[in-house]
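Below: one structure, written as structure tokens.
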Amino acid sequence: MDWITEILNVTWNFIVLFLNENIPLVVGSVKAVIIAVAIMSVVPALVWLERRLMGRFQVRLGPNRVGPFGLGQPMADTVKLLFKESIIQSSADKFLFHLAPAVVVITAIAAFAVIPFGEPFEVFGQTIEMWGANVNSGILFVFAISGMGIYGMVLAGLSSNNKYSLMGGLRSSAQMISYELTLGLSALSIILLTGSLSLVDMVRAQETYPFILVQPLAFLLFFIAGIAETNRAPFDLPEAEQELVAGFHTEYTGMKFAMFFMGEYINMVTMSALVTLLFLGGWNAYGLPVWPIVSFAVKVFFLLCVFIWLRSTFPRIRYDRLMTFGWKILLPLCLLNLMVTSTVKVIWFP
Amino acid sequence: MELLIFYPLAGFCVVLALGVVLNNSPVGSAISLIGMMLGLAGIFVLQQAHFLAILQIIIYAGAIMVLFMFVIMLLNLKEGDDTGWIARERNLLLSVLTGLLAVGILYKISGILFTAEMDTPAILPDSFGTVATIGETLFTDFVLPFEVASILLLAAMVGAVVLAKTKLD
Amino acid sequence: MSVTEQGLLERDKDTMTLNMGPQHPSTHGVFRVILEMDGEVVKTAEPEIGYLHTGIEKNCENKRYVHVIPMTDRLDYLNPPGNNLAFCLSTEKLLGIEIPERANALRVIMCELSRIASHLVWLGTHALDIGAMTVFLYCWREREMILDLNEEVSGVRMMTSYIRVGGVAKDATRPWLDGIRDFLDYFPAKVDEYERLLTRNPIWLDRTEGIGVFTREEAINWSLSGPALRASGVNWDIRKSQPYSGYDNYSFDVPIQTNGDIYDRYRVRVEEMRQSRAIIKQAMERLPGGDYKTPDNKVSLPARETLHTSMEALIHHFKLVSEGISVPKGETYVPIEGARGEVGFYIVSDGTNVPYRVKLRAPSFMAIPGMCKAMEGCYIADVVGIIGSIDIVMGEVDR
Amino acid sequence: MTEYFYISLFAVVAIVVVGALLALSTVLGPRNPSPQKMLPYECGIIPTEEAKGRYPVRFATIAMFFIIFDVEVVFMYPWAVALGELKLFGLVEMAIFIIILGIAYVYIWGRGGLEWD
Amino acid sequence: MEPILAPESIDLIALAPVIVLSVFAMMVLVLDLWGGRNKTLLVFISLVGLLMTAISAFAKHPLPAYSFNDSYIVDHLSLFFICIFTLSSALTILLSVEYNEREDIRAGEYYALILFCTVGMILLASSTDMIMIFLGIEIVSICLYVLTGIRRNDHRSNEAALKYFLLGAFATGFLLYGMTLVYGSTGSTNLFKIAEFIQNPSAQSNPLLLMGLVLLIIGLGFKVASAPFHMWAPDVYQGAPTPVTAFMAVGPKAAAFAAFFRVFAEAFPEMSPSWETLLSIIAVLSMFVGNLGAIMQTNIKRMLAFSSISHAGYILIAIIAKSSLGSSALLFYMLSYTFMTFGAFGIVIILGRKGEENLEIENYSGLAYKHPIIALSMTIFLLSLGGLPPFAGFVAKFYIFSAAIQEGLLTLVIIAVLNSAISFYYYLKVVVFMYMKESEAEFKISLTPMTLFVILIGVIGTINLGIFPNTIIALASH
């Protein structure tokens, strides 16, 4: 039996050695896992927030039975959904049918990986950075990955073999690609101002004033496009309940159904975080004595409330208007804004 | 170390590329293609071409494949008719190919591990592959291609309109 | 044949057949419309009804007149007093009896309250169809008050059966009258609130203006009635043109719009809510005293306490309870202005205590062909808006 | 490189969670299929045709425009980053580029490529 | 203000033809939006644009001028090519005006696309950078795909466009892979830098480089419609609107040859043994496939398509010869080919009517009795295409053959002469039909002024170049 102990010893030593030599890597990995799990656990809280707020907006109470202030409601719902029968109608493509919600959730979480939410700080001689990963073209990464989320909807529409789903899938993908342009173009003016694609650099460039003051139009365009990208009201055409029943997820039940919502809510957080980082100065508190992360969280929270507020206020735009709005109004405005910004930058602030 | 990641990624790409060809539903092929492109982006990252990797995802996986998907949806494409290959045989072939590939990758990896003859990666300047460098090169040395590209895109746009618009005045 | 095989057979065509309804979130019940779609545009729309068939009309032939009244509640279940009233007016015309002033006033109050409630449901669901969620709950809040008032006076929240042949079921109670007064003071601000949310909202305008248009002629030719007709510029309100239950005593406006699109129908109905409030207010102010039902004991039950003292009352009571009202031979039709348009019961009596035939003129039913015509060439999203703006109730369509 | 490793960790966590949720719901949920339940939903009516109808080519046109515009936008990212160095020269370059893009845009608009009917 | 940071080499005067033509093309595109159905203005603007382009091309002195980091060159070759391009585009537009009206092609983009295509061709002839060559080829190809399929109600046109597009995209893939491999193994996309790099003999044996070369040949070979990459040509030539076919047979083909010449003669002269053999095989194959294929055709457009494949074979010989004589032979051939081809296609257009194009060779029976002048012109074009003196085709072939003999490519020349002999069979077949057969049906000839003008230019050009070639040869051999 000696050789077993020997091997175990060697292995253990190797692991210890490896860990000792690669502490940043370990810290980073742990942090990544923590952030990923945290962002997923934000979802129930956000669902609760939305339902409570919507309740308040609509002169009703919202969930208030499970736990204090109905805080247990999302958990109860999750458990209920877990116990629901998962119906996959027989003419659906099984593999794609399962793949679709997975794609939505995975892309949503992966896109959050590069979102920073505070300055790095030191603990036990280790620099802890307040982001999952810092790639030097962070904002493009978010666009790229959230662009992948389209396939979740397309696949849901394609695999369901249901007319409402297919139409919802088509609609959503056409809508998202159209507004992706606006999103990218309006972010460009911020990139112009900072000269970097890194989200951290963008926040640092806003130490004196947030960019919303100099780029109000870009902010508006970005926010509108952001709402459309996350398929929220009044741009929630893909899942327009009143005409398409439930759009691309008409055929989904139980947990798979919930996963689409999970993706949607994570995207909402990501989008709010992006708006905060690009336009509201990120974690800069502008003199207020709060921790950076609190400043960041408050801003994101505020934007999330705006999302919910918009949902309870506006009727839904019709699809053709949505598309022409994106292509005929937002796109030229973006180009105009871009030209003006770059001209001003080059001529007056070289 | 790089090769340790490269070979599995390359294998992944090859398997998915095979999937594109061998899949008998167009949707499946398209999905494989998307996966392949993501793998390719991974390889670009490995080559320190970060911007290129992201472009690969944005343009190919994000934009062009959406058009593919649309066309699949629009054209009413269904599972391809049986073109002589029975699914089981094809799956068999596919698994054999995959197996061979896996063996090859394992062999390569073990070769790397055991010979410990790591290629020293080329020393790259810090600015390599960054957006700023690309921007400066593209907009000074390659001005002409850049502007000509806009003409090309314009021509392509005209083509798209002429051929796809249902009614021309 | 499996679904797939059937599909394969029908695949080679340019349009897609889409069933909207019966189980659809926004076809207002179980209305089904079969849409031939060219992409998102509707080519043809074919209505399919009968999913809520209850056989009420046929059933009425076996029920005594008194027993018919609760069935009329269930026809247009959003506006039960209107149906009660229409049935009672026809019956009363056959009977040839006069209704006391107080009963008429109570009937008007009840009908107008119910019109408000019905329009609230319409506004809420219509806005919800177009995606404005909050209006729905606001409307429900006010409708709840009306339902509470219904409960107070009739004991039932929706299917009140309050209006009876010869008068109303019970006299008004003090809390009811007080409640109505409070409601009348409270309500106008709320209508303004709905309007603030919608009337000038660009998205709402975008979704409603110029969509589902009926010109004046079309509206008449498709036999629309009620608010849908008035939105097309036709000044036609039965309360004005053929006043019943003393509507000629009240001063109120008939809101008219001219474009005949969804938006105008919305404007007309919202204004109607204000006018209904005005009518109720006048009725409350001059609520006359006296009987709340006809003293004719062949039609209405004698007062409970007289049963112990009056033989005649006892006999009437016994006859009414055991046999019901006997209506003289004849046929008649009295239209009223319901919440959705002209409601009327065509009653054929063979002189017995059960009607020989009861036929309902249901505005929703009459509006469906025109509504489906208006859908053609629209986007699928507009279909929902058009259905909502015509405001159909399947209960009275299928009956 | 490590940064991408962290990103892949995110994806791994997501895949694990998604897999766990799917597996859990399969294990915990009941399974009572019936022929009616297995039909695609079409408002309670048994569908008479496949869901794969002919959809308007507009969607494909939009996707094509998107690709072309997306490629142009992608050119702008490095430009925006490098504009500080490129100065007026870069501005003029991009102005020419955007004008050509603008002509394409005007052309599409004029040809009705952006209309939805 | 800060000084403008600009690469020294930006030279807008050198680029003038491209700029002028692009501006005119965009003008046509935008004006068409408000133009309504009358396209006269568009035609006028296009022609003016082409003229201005040709003039502006001569603005640059002295030659050769290198600009844009040596990726753009103005030399006599490119100038001559620009003249050929503008001439062929102008002739195409002249041919199209009445044809489009007749065939109900109402898209005003037609003219804009021809202009854009010409822009691409100019870029192809003037670039010395593989990225630019790729962009040029793509501009040309995309415009041609669309032009081919512009008759959207004609399913043959659609089929041709689709076939062309799919195969073209495939070929572009090859081309791009070739460029990638060449770039990967030489470290530059610039042709001069590649040539410099290749001087090192050890670099020449790099298998990736050789692979890249082969792929380049395949890609470019497709674009010039040489065998065995020719399969698209007959269908596409047949399906495309006839003026576009004429255009395709001349302009883009000449541009692709220019690119061919630039890539192989400028970048890879050191490696000529490797690619010469390959190109010779392709040339021989093209000649045989083209000529033998043409014999079997009954449709005149298909016949001309095969004939153009065989001409690609002859022209490849000029590239293989790669001497200065070779390049001038190439230029002269392209010019005379322009006149002959446009003339021949002009007559094809004249003989057609709406909905009835009369494309079978049998339809030409007895043409000589009814319309002797037209038949005579057609005979001139066909004989010139065959290479009979005293027409331009003869002189052109003569120059190519002498350039090849100078380089010692005797076998190739013998094969080419043999092929010329074969080609007479089918050219003369048409002549025989026109002169010896009785006409079956009434000819309804659409004698329209602009088409006649084009034919006239064709006749004059063909005869003039055949009898007095010296001026042009002098120009071409700069």
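Should a chain be cited, it is by its letter among A, B, C, D and E, assigned in written order, with residues numbered from 1 in that chain.
Just so we're on the same page, a contact is a pair of C-beta atoms (placed from the backbone, for glycine too) under 8 Å apart; a residue touches a chain by one contact, two chains touch by 3 or more.
Predicted model, so just to flag it, every value in this text is computed and none were measured.
Engineer: Show me the overlap between the contact partners of subunit A and those of subunit E.
Structural biologist: Expected: B, D.
Engineer: Given the touch definition stated above, what is the smallest step count connecting subunit A to subunit B?
Structural biologist: 1
Engineer: What chain sits nearest the middle when you go by CA atom centres?
Structural biologist: The most central chain, going by mean C-alpha position, is D.
Engineer: Averaging each chain's C-alpha atoms to get its centre, pick out the one most distant from subunit E.
Structural biologist: The most distant chain relative to subunit E turns out to be C.
Engineer: Across the interfaces B-E and C-D, which one involves more C-beta pairs in contact?
Structural biologist: B-E
Engineer: Among the chains, which has its CA centre at the largest distance from subunit D's?
Structural biologist: Chain C.
Engineer: How many Å are there between the centre of subunit B and the centre of subunit D, using C-alpha atoms for each centre?
Structural biologist: So the centre of subunit B lies 17 Å away from the centre of subunit D.
Engineer: Using the average of all C-alpha atoms in each chain as its centre, how far is it in Å between subunit C and subunit E?
Structural biologist: About 77 Å separates the centre of subunit C from that of subunit E.
Engineer: Let me have the rounded angstrom distance from the C-alpha centre of subunit B over to the C-alpha centre of subunit C, please.
Structural biologist: Between these chains, centre-to-centre, one finds 62 Å.
Engineer: Mind pulling the subunit B residues that touch 2 or more other chains?
Structural biologist: Within subunit B, residues 51, 58, 62-63, 66, 70, 73, 76, 131-132, 140, 143, 149, 151, 154, 156, 158, 161, 168 contact more than one other chain.
Engineer: Can you list the residues of subunit C that touch 2 or more other chains?
Structural biologist: Where subunit C meets two or more other chains at a single residue, that happens at 3-4, 11, 16, 18, 24, 40.
Engineer: Where in subunit E do residues touch at least two different other chains?
Structural biologist: Where subunit E meets two or more other chains at a single residue, that happens at 1-2, 5-6, 26, 29.
Engineer: Could you list, by residue number, the parts of subunit C that touch subunit A in their complex?
Structural biologist: Within the complex, subunit C contacts subunit A at residues 3-4, 16, 18, 24-26, 40, 127-134, 136-138, 141, 197-198, 201, 203-204, 206-207, 379-384.
Engineer: Under the definition above, what is the set of subunit A residues touching subunit D in their complex?
Structural biologist: 24-25, 28-29, 31-33, 35-37, 40, 81-87, 89-92, 98, 101-102, 105-106, 108-110, 112-114, 132-135, 137, 140-141, 160-167, 170, 174, 177-178, 180-181, 184-185, 188, 191-192, 195-197, 245, 250-251, 254-256, 258-259, 319-320, 323-324, 327-328, 331-332, 335, 338-339, 342-343, 345-347, 350
Engineer: Can you list the subunit A residues touching subunit C in their complex?
Structural biologist: Listed in rising order, the residues of subunit A that touch subunit C are 54, 57-60, 91, 163, 167, 233-234, 236, 240-245, 311-321.
Engineer: In their shared complex, at which residues does subunit D touch subunit E?
Structural biologist: 85-90, 100, 103, 106-107, 110-111
Engineer: Considering only the defined contacts, which subunit E positions touch subunit D in the complex?
Structural biologist: Residues in contact with subunit D: 1-2, 4-6, 26, 29-30, 33-34.
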